[in-house]
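Here come two complexes built around chain A, the first alongside chain B, the second alongside chain C.
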Partner chain A sequence: MTDLATTLAPERTAPVPVRPRERSTVGRRILVGVLAVLLLAALWELVKVVVPDGGGHLGEASVLPRTDDLAMPHVWDIVDRVLQPETSATGSPTVLSAMLSACWFTLRVALAGWLVGSIGGLLLAALMQRWQLAESALVPWVVLSQTVPLIALAPLVVGWGGRIHVGTFEWQRWMSVALIASYLAFFPVTIGALRGFQSPPAAQVELFRAQAASWNRTMLSLRLPASVPYLLPALRLGAATAVVGAIVAEVSTGTKGGIGRLIISYAQSASGDPAKPWAAIAAAALLGLVAAGLVSLLGLGLGRYRYAEVR
Partner chain B sequence: MSAVEARGVGKVFSSRSGDVVALEGIDLTVAAGEFVALIGPSGCGKSTLLRLIADLDAPTTGELTVFGKTPQQAREAQDYGIAFQQAGLLPWRTVTANVELPLELHGVGKAERAGRARELLSLVGLDDFAGHFPHQLSGGMQQRVAIARSLAERPSLLLMDEPFGALDEMTRERMQTELVRICAESGAAVVFVTHSIPEAVFLSQRVVVMSPRPGRISAVVPVNLGDVRGEGLREDASFFAAVTAVREALHGTPVTARGVDLR
Partner chain C sequence: MRLNRLTAWGAVGVAAALVLAGCSSDSGGEAEEEPSMSSEVLIPVKLQLQWFTQAQFAGYYAAIDQGYYVDEGLDVQIVEGGTDIVPQSVLADGSVDYAIAWVPKALASREQGAGITDVAQIFQRSGTLQVSFADKGISTAADLEGKTVGNWGYGNEFELFAGMTKAGLDPATDVTLVQQQFDMNAFLAGDIDAAQAMTYNEYAQLLEAENPETGELYTADDFTAIDWNDEGTAMLQDAIWANSEKLASDEEYQETTVKFIKASLKGWIYARDNPEEARDIVVAQGSQLGNSHQLWQTNEINKLIWPSPDGIGMIDEDAWAQTVDVALTTKNDQGATVITTEPDAEAYTNEYVEQALAELRDEGVDVSGEDFEPIEVTLEAGGN
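Let's look at the complex of A and B:
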């Protein structure tokens, strides 16, 4: 569909309008996201109805999990539990407020990690684009980096960080968590940015060469804008993995205040209060969606660079 | 001073499966302001020769100068403008911003850029589309933007690699007429790669015929159809005579005039 308004208005500097189709796509995506969550809840209840309480067995082997209220509490019980106080102690905050403040903590740490990881990923990709040798030398290490278990890294990072004192700056525990989150986030950004930087067709690259444009100039005016359709999904994926990284890092470094820690502490009451840990797990999953959603907002201002993506 | 001077230029591409001789012993002089077409079958090295002049590749042997300088110096001094078969417009830039790109890359001021872009867009007849984005234009219009862009810095040499190759016949003929006019106005020398005989004849003052394996110049056919070339020329006997001459040079034997295929 051609945008009639744009075709008829020959205004010189008119920025490309976000096309109606794209705007409705944003609305639809939110709707689809909500529907997906509802569907998941419905599936959860369906499993509870269909599968016997004791789980499914094939001879001696258990093939389906137990579905009694202790193992799989009803969705409405989980929702209800969220609104109740955390503990029976007087003045205890509700689970909701405890989770919200934990999510806020984790989100900030994850975003800090995402920022560091994304900048690092972009620089690494630029380096690899600049020198073919760097690409051949670094790509295996980039891939290898993702096979190192985070849990093994966490104590090391905390240990190194603990020794950093520069003037009044002192390494905080949350910084270790953010650093580990960035370690997960940099991977999709590096790969996406590298593909994006290499995406301009030969005709465009040679045009810049014919203009005797420097590498920096070519990067800024050609490769970076051309990489936007590749970068946005990579940044979104990076945000989701940063949240996962932050949660795992919180758990393995024993950092207090975040949702990761909350999952562990709620899990300890699982036998008596099964809805509580599930609530925290759901919150962690939603947090990932929120982080990815926040990053998607970046794309709204970049409509003109996303021609290839929205076509 | 001549625009392009090639003496014994050769180009060998080395690959794992062996060396490929793309060009051998090319001697060619293009005078300032002269329109020269390079024609030949696929693989005759005509595009390679253009790329050597543009310093997008380096010759293996021989000597090549552009306005008395090495191709690299000429490229860095922006002595030429270039247009490829693909328009290669940046999709995130408006038509104006695409035309301004070469000027922007060389630090020309904003006001001057805008003025020059306006001038060029009216030259190629796209005044009304200045604020449009490339995907809103037809292929022919995109190609005209690319030509306007190649003229942005008032180059004294234009290098064109089948710029009308992807266009339909009608658009193509109209673009050829426009190109003749534009070149007459700008006074630039042109090296124009094509594999269409009528196109080469219509546009140029000299047609350089090349043959493949290895790429060599097999003949140079002078075409003098005058400075003012309108649509009527395509029906003219002198046009057909020149087409026949180029075809004979291309095939190496006289061709009978009956059933002339203008493509």
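Let's look at the complex of A and C:
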């Protein structure tokens, strides 16, 4: 009897106080994050000091990268470059402001892609939960979808998009980028949501069935709440992959305005101005962290369902 | 507790609203060219570039800026390229009306079924160099023997391979081939003896880099370059390609082609006579490359175009034949040639560019640039 109660109402019998712990750790996690970035910077400088300028060689094969100022500029040079104007053209913005506006563009495109991907992923997971046949049929395709090289896909999506005109609506280049971002983001969400939907123990499912609850009711009242601990990490992962997808798609399709394009543009001056491309690469990495961080805000509103988060 | 949850949802809501608002406001701002006022009467034309906005395409941007396209009744929108955008494929599948592409690459796409035709050969010369430090003593293709030779691959390597073959070297055994990156760092670090470089881009990057021994920028004296135009294995590069099928059947497209070529040529003539203004036009289009780099590029591009004795855009039969010959006979390190059979007669035509040139000559425009003199450009550190 007690066993059944535990299974049926875990949040009552296992009142793990997620929220207070959560609150106290938010500050700490930010602190740890900042420390990690500083540590990376220190590590970068350490490598520059320890490894010879020409890199490490084992016989003919190069095993460690070059560490001269051209290949690995000093962290302070990169920071200093960020504060300088992009080019000497009059009215040229600083690298920092160019990167901020580029990151803002990419973030919006990535979030649009993440929204589309997450909704698509949830629907797909629901479909696969509903019909066992759909699951067996679709899972291989879902996995296969992630092995298609993005750079092969990107020009195709742009090609298809270029021919879409519905009334006054015209497909924009950023929509192709968002679509490619969603293509990466949907995968973790689908897999996470499917596991989450299937996570309620048999006893709980049977209780719903015994009470003649419809599939919709079971979904809304049992499976969806039970999936939260699985869904949140999946959504976070999805956000990070959406940013990666957006950046790669921007590079691939040459979409103007985002950080991916900026990396390539800056890379063209890598030999004369080596700090510039590194600044953009660092900005892209930070952007992924910001996106994942934004999405984890979702978790704050869902505390009561997070009794056993899969981290 | 409640407050906390509300704040969290509030933050999420605000973020979502921003995303939606941002995206919807983008639709206007992201269009690459603002549509012209009277676009109802203008014929919309899309031009696909091979790469991002830079002075390599100064003529087209100048033609928009100076209103040359509008004068011809065209509303031209320039579509930038990306690392994986193949202009000739985009053209063949009908997404754009014209594309800029190198001749050998376009011929390879043609052989795979892309129905495209070279209607104007803008660059009369090849801008590809093989650059070395002066102390390596590499000034001809024959000097490459036993050296580490960089190339970009992806069809950019054939002039180099043809040059080596012509000099009696076997590219597979007589040199060490290295795949080259975007930048010139591997060359500057000494990993590559002779690196591929475009006169208007990578070569300038070298002159924008600091020589660690002197603390000053490198100068042209520090390098030697093999010019494939001199070695006789140059291949034709930037050309305007049109859709062959529409060219054969669509009369309006034929007329548009003449107008498009005419206005584009005018743009290039503007860039010849006003290199600094042309640079400013390109910079204003949002190129992240520096001012001095863009001016250098404009000037080097001008050198590739001018003088054009038969008139800018004319496809020179000898240069075309040489390009086809190299494309047919030169094997790269994988043993592949660019094309396997002679391209058919549809591959290029001077019909449209001749009409455009005739109209320009009637207007008294100098279309051959016989007295063209390049300007002197001083590159700044990092191209700024």
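We adopt the following convention: the second predicted complex is superposed on the first by the 291 of 311 C-alpha atoms of A that agree within 3 Å, B and C clash if a C-alpha of one lies under 4 Å from a C-alpha of the other, contacts with A are read in each partner's own complex, and residues count from 1 in each chain.
As a working rule, contacts are C-beta pairs under 8 Å (C-beta built on N, C-alpha and C of every residue); 3 or more make two chains touch, one makes a residue touch a chain.
In this text the structure is predicted, and so the values were computed from the model without any measurement.
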Give one of first, second, both or neither to describe whether A:L222 is in contact with chain B, with chain C, with both, or with none.
first
So, does A:T147 touch the first partner chain B, the second partner chain C, both, or neither?
neither
Touched chain A residues, chain B compared with chain C
C
Between chain B and chain C, whom does A:A267 touch in the aligned arrangement: first, second, both, or neither?
second
Mind working out whether A:T168 is in touch with chain B, chain C, both or neither, as first, second, both or neither?
neither
Of the two partner chains, chain B (first) and chain C (second), which one does A:L207 touch, if any: first, second, both, or neither?
first
Partner chain(s) touched by A:Q132 [first = chain B, second = chain C, both, neither]
neither
For chain A, give the residues common to its interface with chain B and its interface with chain C.
none
List of chain B residues in touch with chain A within their complex
54-56, 75-76, 78, 80, 82, 84-88, 90-92, 94, 96, 101-102, 104-106, 128-133, 135-136
What residues of chain A sit close enough to touch chain C in their complex?
19, 23, 54, 66, 68-71, 86-89, 98, 104-105, 108-109, 111-112, 115, 151-152, 154-155, 158-159, 162-163, 172-174, 178, 250-257, 261-262, 264-274, 276, 294, 297-298, 300-301, 303
For chain C, which residues are in contact with chain A within the complex?
1, 4-5, 7-9, 11-12, 15-16, 18-20, 22-23, 26-27, 30-32, 51-52, 80-86, 89-90, 93-96, 182-185, 188-189, 201, 205-206, 208-210, 212, 283, 286-293, 380-384
Within the complex, chain B is touched by chain A residues 2, 6-7, 9-14, 16, 201, 203-204, 206-213, 217, 221-222, 225-226, 228, 304-305, 307-308, 311
